[in-house]
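This structure is in structure tokens; I'll ask about it shortly.
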């Protein structure tokens, strides 16, 4: 027994927590990238996550293309939607108070979620676990479903790949420079507005990938992003808005903490993230990994 | 009160007195409670420049407090509503003190985080009844004299509460306190350099806003005889932002108009299910892109007088 | 001058009593179907309940008898405030005389209160809480179809008697879930079993993994699912992922509808035991009803909730006809006076506390090989006779029942 709890219960909840953490990490990564460059709080992120899951659902139902195709096609499709959004709507708000960007994306999220809810109800559509990934592995302390293991592996891969591109490649360095001083970077001949548009599209695509991964385990449901988005914001704020590594570490970390809380004090498992966020904001407002602005 | 604003106020009051004979009174009462809520919210953002993204916390907590006081402790409605207001004010002190220490988007995020914590607390706490809410809250006898189960009696009570709250907010905005608050919103360092304790002013505005939101919430609990989780959920915080934005941030009558429109739309579209959410989203988008001053704001701009 | 008259009107309105109801109000019997149209209970009630109500009005032959009957419907979204707001508006200003269905016990309890205050009628089919004929019983409410006590008694005792004597509950965190858990726990303990643990989840949860793992680590033989609709099907599907049944534990769906079995599919659902009040394939009359219903509801076969809406509406209309009035309290009293007889539940009675009495049935889900086609899902394990199916009238703390 560890701390009065059988180790089985502890490890199994931690593993579940890690799985939840993968989604937090991927979603907060997208949000962080968008906030870092555009200074926009993308409240539509939850709806875009949901769109990813729905695209996966349509691909399966309509065209018979399964999970692997969805992982490729859904982010592209939803990313394009994001690019359109940015070009047509968000661009007009760049000179104004951040508040308006927040409200606009909040409104867009409501529209998208409402439209889908009207068409599909809110009780969720079934999406089967891809046949290659069914079944589970007995780890001794629990049976780990293969699909959930895949979720952890894939999201880690995506997160690290994104971090690498942004922090270690030339493209990434242009991005980071444009965040700090867009005018100067533009003067050097880099097409900053196009970069912004593509970055927004990329952040949205990340949300869509998370949606595709979520479809088999969380039900494809028009409201699947609505309550998740608030938690993801908390993760981004704790990690540091604009910090890539911060979002990844905090996302997985918070998943683990949530899992731990479920063992010792399950009723508080939903609240613990916000307690931590409030504490971090009071002590280190730029976040654990963020830079003060 | 400035001349033209007094006229508008009188017209509004008259319309509201005649209202229940023309329109379903319960609908009007709902609109009035939300109008008070929106006015209280507007005090903070329109005049204090502080966007609170968790204002539902005050509406809902007061609702639970009032419902509990009226049902379980058997308090008369006026004391129950006061209890709710006090609870919301207390909450405002705590959350305000924590949130004021940060600015802009971080301020908004703290208020959101703390409101979410409160939501989960209410979800778990046995006295709130979780998903069931506190039901069968008695309307009681106002001051031991007036039976509030009579819809008209209830309506005029709500109207009185709304008008009182509205006038209080008006007085606050047009007082020296209000002027300093506006100065802080415009340029905090300058206000500080002039010797005004910016944090105290912001905190007082916050607590006042929270208390009046609580007044709205407590009254609503008595009218509907129910306190539920919907009133502490973050979507409720979003709704009050919508009402204020649509009506006109920083205008006196804007939030009232905004609340009436939003509640009216919701009622009207209720049979169409989730279209309500779509319409709300569309209003947000339209307001932000093309209609930033809101209904009353645009009107005021046209008339070149503050409304 | 106008102000003076306004004041006079206000004073008069404040003190004047409401007009008394003597006949069918406004010449129309207006039925309001309040249900969940878009969320987790939409399939087991929802639009199907509206269809069932319409079929009842048709079969009653209202037109031929010269009675005008109208049906309206609304979605309560599983929220007590939305549901009670709709009920209030319906009864206050839309002239609705009776409210029907209301799945979700929290909403039903709220509406129960409002209907009682306004002296109208409430026919509950979808909601389960046994408190509706217990602490919250009302002279204006009839609880048709089923309740948590009947389910606990049927499924609970059947399982304990066959060896499932240690239980772990996964419960939906609202009135219904608590009531079902409480009633089932009582049955388990009465039959010598033990409850090893419980966990509560919010309504409409998508991911049950952590709750299932807790259930798994408790090592209880039976994991009782005190939830319904989408929550139940999700729990069952995810339990398969984590190898719960393979590990030796059994799942007991305490409230399962045929639409849930349809959603799960026979391979996953086979062997599930549940208690229901109605099955479409029971006899020729129910089969005829099901055929008509399926044509109107996209091929979906009626659940017991739909059947309850039909039967309750039919009996209500008969009572209105006999009384020549739609005064809520009087009609409900008449409904209790008249024995019931309809093609779906057969003959039955309504007790003083509002509880409709009929036998309950213990079903088991067929194996895929045993089923001849879609919706052919159940085999009958046992019939629980009327005298044993529902909680004895004196055990409910209903204030209407004299001790």
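Here the chain labels run A, B and C in written order, and each chain numbers its own residues starting at 1.
By definition in this document, a contact is a pair of C-beta atoms (placed from the backbone, for glycine too) under 8 Å apart; a residue touches a chain by one contact, two chains touch by 3 or more.
Values in this document were obtained by computation on a predicted structure and should not be read as measured data.
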Most widely separated chain from chain A, with each centre as the mean of CA atoms: C
Result of counting contacting C-beta pairs for B-C and A-B, higher pair: A-B
Centroid distance [mean C-alpha coordinates] between chain C and chain A, Å: 39
Centre-of-Cα separation between chain B and chain A, whole angstrom: 33
Mean-CA-position distance for chain C and chain B (Å): 37
Per-residue overlap in chain C, given as positions that touch at least 2 other chains: 37-38
Contacts with two or more other chains, residues of chain B listed in rising order: 123, 273-274
Numbers and ranges of chain A residues touching at least 2 other chains: 117, 122
Footprint of chain B on chain C - complex, ascending: 6, 9-10, 13-14, 37-38, 74-75, 79-82, 84-86, 88-89, 92-93, 105-106, 109-110, 113, 117, 173-175, 202-203
Residue ranges of chain B in contact with chain C within the complex: 17-18, 21, 24, 26-27, 30, 123, 130-133, 135-136, 146, 149-153, 156, 224-226, 228, 230-231, 270-271, 273-274
Chain A residues touching chain B - in the complex, by the definition given at the top: 41, 89, 92-93, 98-100, 102-104, 106-115, 117-118, 122, 226, 230, 233-234, 237, 267-268, 270-271, 274-275, 277-278, 281-282, 285
Chain C to chain A touching residues, read off their complex: 37-43, 199, 204, 206-207, 209-210, 213-214, 216-217, 229-230, 234, 238, 241-243, 246-247, 263
Chain C-touching residues of chain A, taken from the complex the two chains share: 6, 8-9, 12-13, 16, 19-20, 117, 121-124, 126, 129, 136, 138, 142-143, 145, 147-148, 217-219, 221, 224, 259, 262, 266, 269
